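Some structures to go through are shown next.
Okay, so subunit A shows up in both of these, paired with subunit B first and subunit C after.
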Partner chain A sequence: MSVQPHFNGSAVPHDWAGRYYHIDQILNAPGPRTDPAFLAGDEVKDFLRNQVKILVIGAGGLGCEILANLALTGFKDIHVIDMDTIDISNLNRQFLFRQKDVGKSKATIAAEFIMKRVPGVKVTPYHGKIQDKDDDYYMQFNIIICGLDSVEARRWINATLVNLVDPENPESLKPLIDGGFKGQARVILPTITSCYECSLDMLNKPTAFPICTIANTPRLPEHCIEWASVLEWPRIHGDKKLDTDDPEHITWLYKAAAARAHEFNIEGVNWSLTQGVVKNIIPAIASTNAIIAASCCNEAFKIATSSAAYLNNYFMLIGTDGVYSYTFEHEKRDDCPVCGGEALDLSISSNTTVEQLIEMLVEKQDIQIKKPSLSTPTKQIYLQAPPQLEEATRPNLSKKILELVPAGGEITVTASTLPFSLSLRINYT
Partner chain B sequence: MADSKDIESATTAIILDGIVPDSRTRRYDRQLRLWAASGQSALEHSRILVLSSSATSSSILKNLVLPGIGHFTILDKSIVTPEDAGNNFFLEGPDSIGKSRAEETVHFLAELNEGVDGRADTRELRELLNDPKGAAEWLGTYTIVIAHNLDNGLLEKLSTLLWEDESLPPLVVVHSAGFLAEFAIQFHEHTIIESHLESSPSLRIDKAFPALRDYALSLDFQNMDPTDHSHIPYVVILVRVLEEWRNTHNGLPPQTYPEKQAFKAKISSMKRKFDEENVEEAESQAYRCWTTSAVPSEISALLSDPRLSQPALSLPPFFRLLKALKKFTERHDILPLTSTLPDMKANTEEYVKLQRMYKNRAAEEKAEIREILVEDGGAEGVDDVLIDQFVKNAHRLKILNGRKWGTLEKEKDGERIINALESSPKQAATHFGLSALQRVLSKRGNTNQSQRQGQLQPPKITIEELTAEAQALLPSGASLPETEWNEVAGELVRAPTADLPNSAAFLGGLVAQEVIKMITKQYVPVDGICVIDLIETWTGVI
Partner chain C sequence: MIKIWSMKKNEDAAAKKKPKTSAAQIRVQKDLTELDLPATMKTHFSDPADLLNFSLTITPDEGMYRGGAFVFSFAINANYPHEPPKVKCTQKIYHPNVDLEGNVCLNILREDWKPVLNLNSIMVGLQYLFLEPNADDPLNKEAAMEMSKNRDVFLQHVKQSMRGGSVKGIQYDSVIAR
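Presenting the complex of A and B:
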């Protein structure tokens, strides 16, 4: 017996009888924990299969899994964005890619694979950055799922979706489901629940070695590797940019680090550690990605269909000692720079200079802004760009904040990488 | 570029073989960072048997094929139905309908990794189990067996057969329906050296070994060059200050709160500059002086295993090493030293010097373990790599006792069930719901795939039917928690045979992860029944 899919004129394939036997058990009847608004039967099926448009950000470890799950669940109009190309080290978990695909666009190859494997699903790839797209683009989707490993990109999309919310237009509220490679899945309803920015302080601080340790007193193999990439590479290669994806560059760093380690009697520098340190590699396996991606898609399905209550609002899995998970409601922050509306109180010493404040903002766990520009409602304090303005405001760096901002006054912090500004209310100690 | 050439010539001496990893190592790079070459080798030598090729089974296998198991067999005699084609990513939609389900899924799974060997077996489990001897021989060729939604009668038979002979592989039992699922691993005993648990070994500041103590006492802190002073590692400072303290306190470390404060003040007073970082570090680590380095209670418990009184040679390597460790702790009242020293404020010279002291001492103590092993006659077949691993991880060894599948229900007094119903009613209700559902379906023959073919309506099951079956599983006097049970039962009768793609993918990840832990003998697998609810999105263990 073989059933061929039938296509009508508009090239939309018909589903075969029995295709949704499994999913339809859920869509044909409510369960005890289903919202009364759930419209069991044809209406919800039509909405899921013919009307919902969903965006997947990232076609990597989480993205591949997310795309496959969404397609099988019955989402038919899927868009995917990814700026990366396929690397050999992706193949141990990014299961839509094969050896022959190495070097090609992740978004394109993933889309092609899904469309071949799951008939009738349209996947529209975009090989590029999320920042290339404007509000109109994001407005077209019902739900957005993020499978990213970049904090910056997630902050950007989170802020963009919060800004998109127009209280007059319910359609403008786009649920954001965020999957984290470390084992988190969460549902964000922009402006209603806690957003990505609200929980920024939950992120682990990246390990940073003091520059004097790297330069003068290395103790660990990592210190030697940092020396090679941070100090020795620019010294030898000048302006030539270090490409951490280039094995030859890694090999050069490895040799430099190994020589330094040898000189200092430090053991343990090898190629793999070198690559791990300079690329800040986080170990990754198929199974963790599968769990988190499945959880994200399950939430998307429940939100799209109302067939069951959805996650409120944070799920975290730790799988090293047995199976341990934690489900909790992360609270919205009133002083969240993206969704809170209130200025963040910051107490500083009256001696603090502009330069020191900038350093503080870069360091602070709940702020983490790489190149902040500062201004008050009436004047510019320091601007990172354009060059003329940077030069004009540079003399302020050594000034005390107290000279520029009165106690209780506000400073607006902006950065080119973030589509929002942060208001600080300054108090002096 | 002249300098870079210098570096190259300087390093050629210490670079022995190919520097850049080969393509296999690069493919597995992200996972090798989790379980190293030893874990990878265990995976590559493993043979997995999966009973059925449901969406869930395929998802589990996907997450095992990708990291590179050696071999997998899918035992399934059924033919791909239109329903299968709709929910399994490892079938090619309608093109697969009518073909052998095992063959199709093996084909699409094997594509994921050229290094993995996959085979479809279209025989029937029922018939195979009718010949227990032949079945045991066949099952014995596998490392682990995984069964998803298997007929209850067959599961009883299979789990008993695998349990009766300790040499037969562990069994992973997976049940799922709609948004609810559970799984458990049946195994006899699982010993883990590389548990990766986050407990850190003692630095022995309170019981400094001679080289460390001598070094700490040899330093003239008072007349030292200020720069040198700021480079003495906190470990050395603490050993010295503690020694001095003990000399004036009857050999005792600080006991009371005021004493501890005084001790910290003593450290603080050593500062030459107001921000001497190594001294500050010593102050913040001062608690190590009054935390006694002793054998942790979890490890003591392992050392009281009655088997350790048996002759070493009759024991497996893990227990021979444990026996040697027991003797070592009886002599020294402490675990052998590990050579790993955390990073601390110091210059290179001082740090490396200290590191070498730890390393030498650790090597001596490891040698003592080896000597004990030899004296005991247990050294045969225990290589140096294993001893090394064992000693390094002595503070976080782990033994899981394991149990047969279904034991929870068969306990005479039912104490664990009663506890679970009280302390975790949601989890317990879900477990009993899934067990009851499996029994109801098995009675109707509905889990047998070939019988279900072409039948597009899911079976109608009533809440009363399910409740009666669940109550029959409870010990007398126990009852189902009402609210939780209603939620579970209602959800199960809604979708009794739904193998949802997202639930399948979630279980696929979770089960594969535990299977990898079992195979690699690294990390700690789940000990008990893991229950999953994908409505509220939680997991729990009973």
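Presenting the complex of A and C:
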């Protein structure tokens, strides 16, 4: 697809004189504190504008801002993923969308808008889930920026990028810049700095009310909505799953919650609160989005160009009373389930049985594992407990590892003596 | 380009990676293989290859629910341990903290869940509900009221319901341990 650039109504070459005047102030000469490795001039400009491929995950509140900022900074090969479609309630802050776009793919519309507005920038949309894409897809990018509202999606992309790192191939290390509309921005260098999973216990837990309160003594509109979704929906609909993206389901919940609220003289149940409670929607503020997106894009620019030191590694914006920000280094956790723990390359004879491997692990002086349980990503090899699973996996003890794990395959080992887990890469001699 | 990159593009695609075990999956493996359950609790996996869905049978050896076998279903999703497992009682039982649909009022299953807790803590918590039912957090209001008002009648109701009898017009499932 060719995009015909226009400037004041007439076609112009993509890079007209002075297009990047302000950006070039930074890239033309090193500053007093730039990294000695920074090569000012055409090479870095060419890298930024013609070689870097960047992926934006999420084309919502943060995503729209991020896409606009990247395009205007000079990134020209941008990919964007979003599984959502545009809702009318997005239009107040997701400024790449118009009323006529309601119901269409966020990724597609955002890409079209940016390409129309910023000449020479190619934005490749994908309307779907990040989980649809494999390692080869993520391998093609230099930098990945996330503007997500879901913990689950963040955990997935974080684990994927940590696992992508191949010590033999420096290209496999993809900096991940994560923005959150509660006001945080962070830089994750997978396997080098702390990862998203390292700080999982810092997250606020999802709001949940005691089930006995919502069943018996509701006092808040939220209690009525939770009652409708947690207790009433399964009671009436049995095994039919509640789809929080289905407006008819939300309407059903809203009606049930409103009736209960009426019964208990509680005010404030309405359709959008119902949707907000069941989808766990956190109110987003347009100005916070803009600041966090700017911070993320600033990091992407610094990482791509080496023109200045990048964020190390966690930035928080607190905008409740004026503008206050705090930056700190979140530490890597040794027992992090994703980036912590050890990975060992193990060369064994192709005749080795599972039982022999377990003995090897127990006897290995440097790890000293007691009662290890073993699995591959797709199946259990041997579990020490509970009794039923021990029994079910016991026949594997006499099998050869080769029958269960291909060369180069991975075995996850857990044991109470390990901080979390140990990952073994198996090769055969 | 920060230093972690080499300027030259490496043309070779990285070696095909195998699917990796997810953090939730590893954590569940760790939780399950380190369970420290008393003889009164037993897990059952209808598909031993699926660690994320299983049931737990509690057979209290003391208290007013002694002699019963209570079966709970556990469903764990990919966001474990950020989110707690979904636990339900699969039988219709007469208990102040369990409603007729099998919902369970146990604080660590909802509002007090933390990722540092594990499957063992939930199982111990469930067993505790049978040793010390809590009339202050009722899900079955009738039962809770009876328990605080008239303990002897409540005890009778418990026995009756566990045999599959009905209490106040509601028929309960027989849960007598075989």
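Here, the second predicted complex is superposed on the first by the 302 of 429 C-alpha atoms of A that agree within 3 Å, B and C clash if a C-alpha of one lies under 4 Å from a C-alpha of the other, contacts with A are read in each partner's own complex, and residues count from 1 in each chain.
Note that a contact is a pair of C-beta atoms (placed from the backbone, for glycine too) under 8 Å apart; a residue touches a chain by one contact, two chains touch by 3 or more.
What you see is a predicted model, and the numbers here were worked out from it, not measured in a lab.
By the document's definition of touching, of the two partners only subunit C reaches A:304; subunit B does not. Of the two partner chains, subunit B is the only one that A:272 touches; subunit C does not reach it. Of the two partner chains, neither subunit B nor subunit C is touched by A:188. Of the two partners subunit B and subunit C, it is B that touches the larger number of subunit A residues. After overlaying the two complexes on the shared chain, residue contacts for A:421 are found with subunit C alone; subunit B is out of touch.
After overlaying the two complexes on the shared chain, residue contacts for A:33 are found with subunit B alone; subunit C is out of touch. Legend: residue contacts after superposition of the two complexes on their common chain; A:163 is shown touching subunit C, with no touch to subunit B. Contacts of A:216 after superposition on the shared chain: both subunit B and subunit C are touched.
The residues of subunit A shared by its contacts with subunit B and with subunit C are 216, 235. In the complex of the two chains, the subunit B residues touching subunit A come out as 1, 3-4, 7-8, 10-11, 14-15, 19-21, 23, 25-34, 55, 59, 62-63, 66-68, 81-83, 85-89, 92-95, 97-98, 111-112, 114, 178-179, 195-197, 231, 343-344, 346-348, 351-352, 456, 458, 486-487, 490-491, 494-506, 508-510, 512-514, 516, 523-527, 530, 534-539, 541.
The touching residues of subunit A, counted against subunit C in their complex, run 35, 37, 44, 47, 135-136, 139, 142, 151-152, 155-156, 159, 163-164, 166, 169-173, 175, 189, 192, 197, 200-201, 203, 205-206, 208-212, 215-216, 230-231, 234-235, 303-306, 310, 337-338, 371, 373, 375-380, 383-386, 388-389, 392-393, 406, 408-410, 412, 414-416, 420-421.
Against subunit A, in their complex, subunit C makes its touches with residues 1-7, 9-10, 12-23, 25-27, 29-30, 32-35, 37, 42-45, 48-49, 51, 78-79, 82-83, 97, 99, 101, 103-105, 107, 109-111, 113-116, 137-139, 141. Subunit A makes touch with subunit B in their complex at residues 1-5, 15-23, 25-26, 29-33, 65, 68-69, 72-73, 88-89, 91-93, 95, 98-99, 117-119, 185, 216-220, 235-236, 247, 250-252, 254-256, 258-259, 262, 264-266, 271-272, 275-276, 281, 283-295, 297-299, 301-302, 308-309, 311-312, 315, 317, 319-325, 327.
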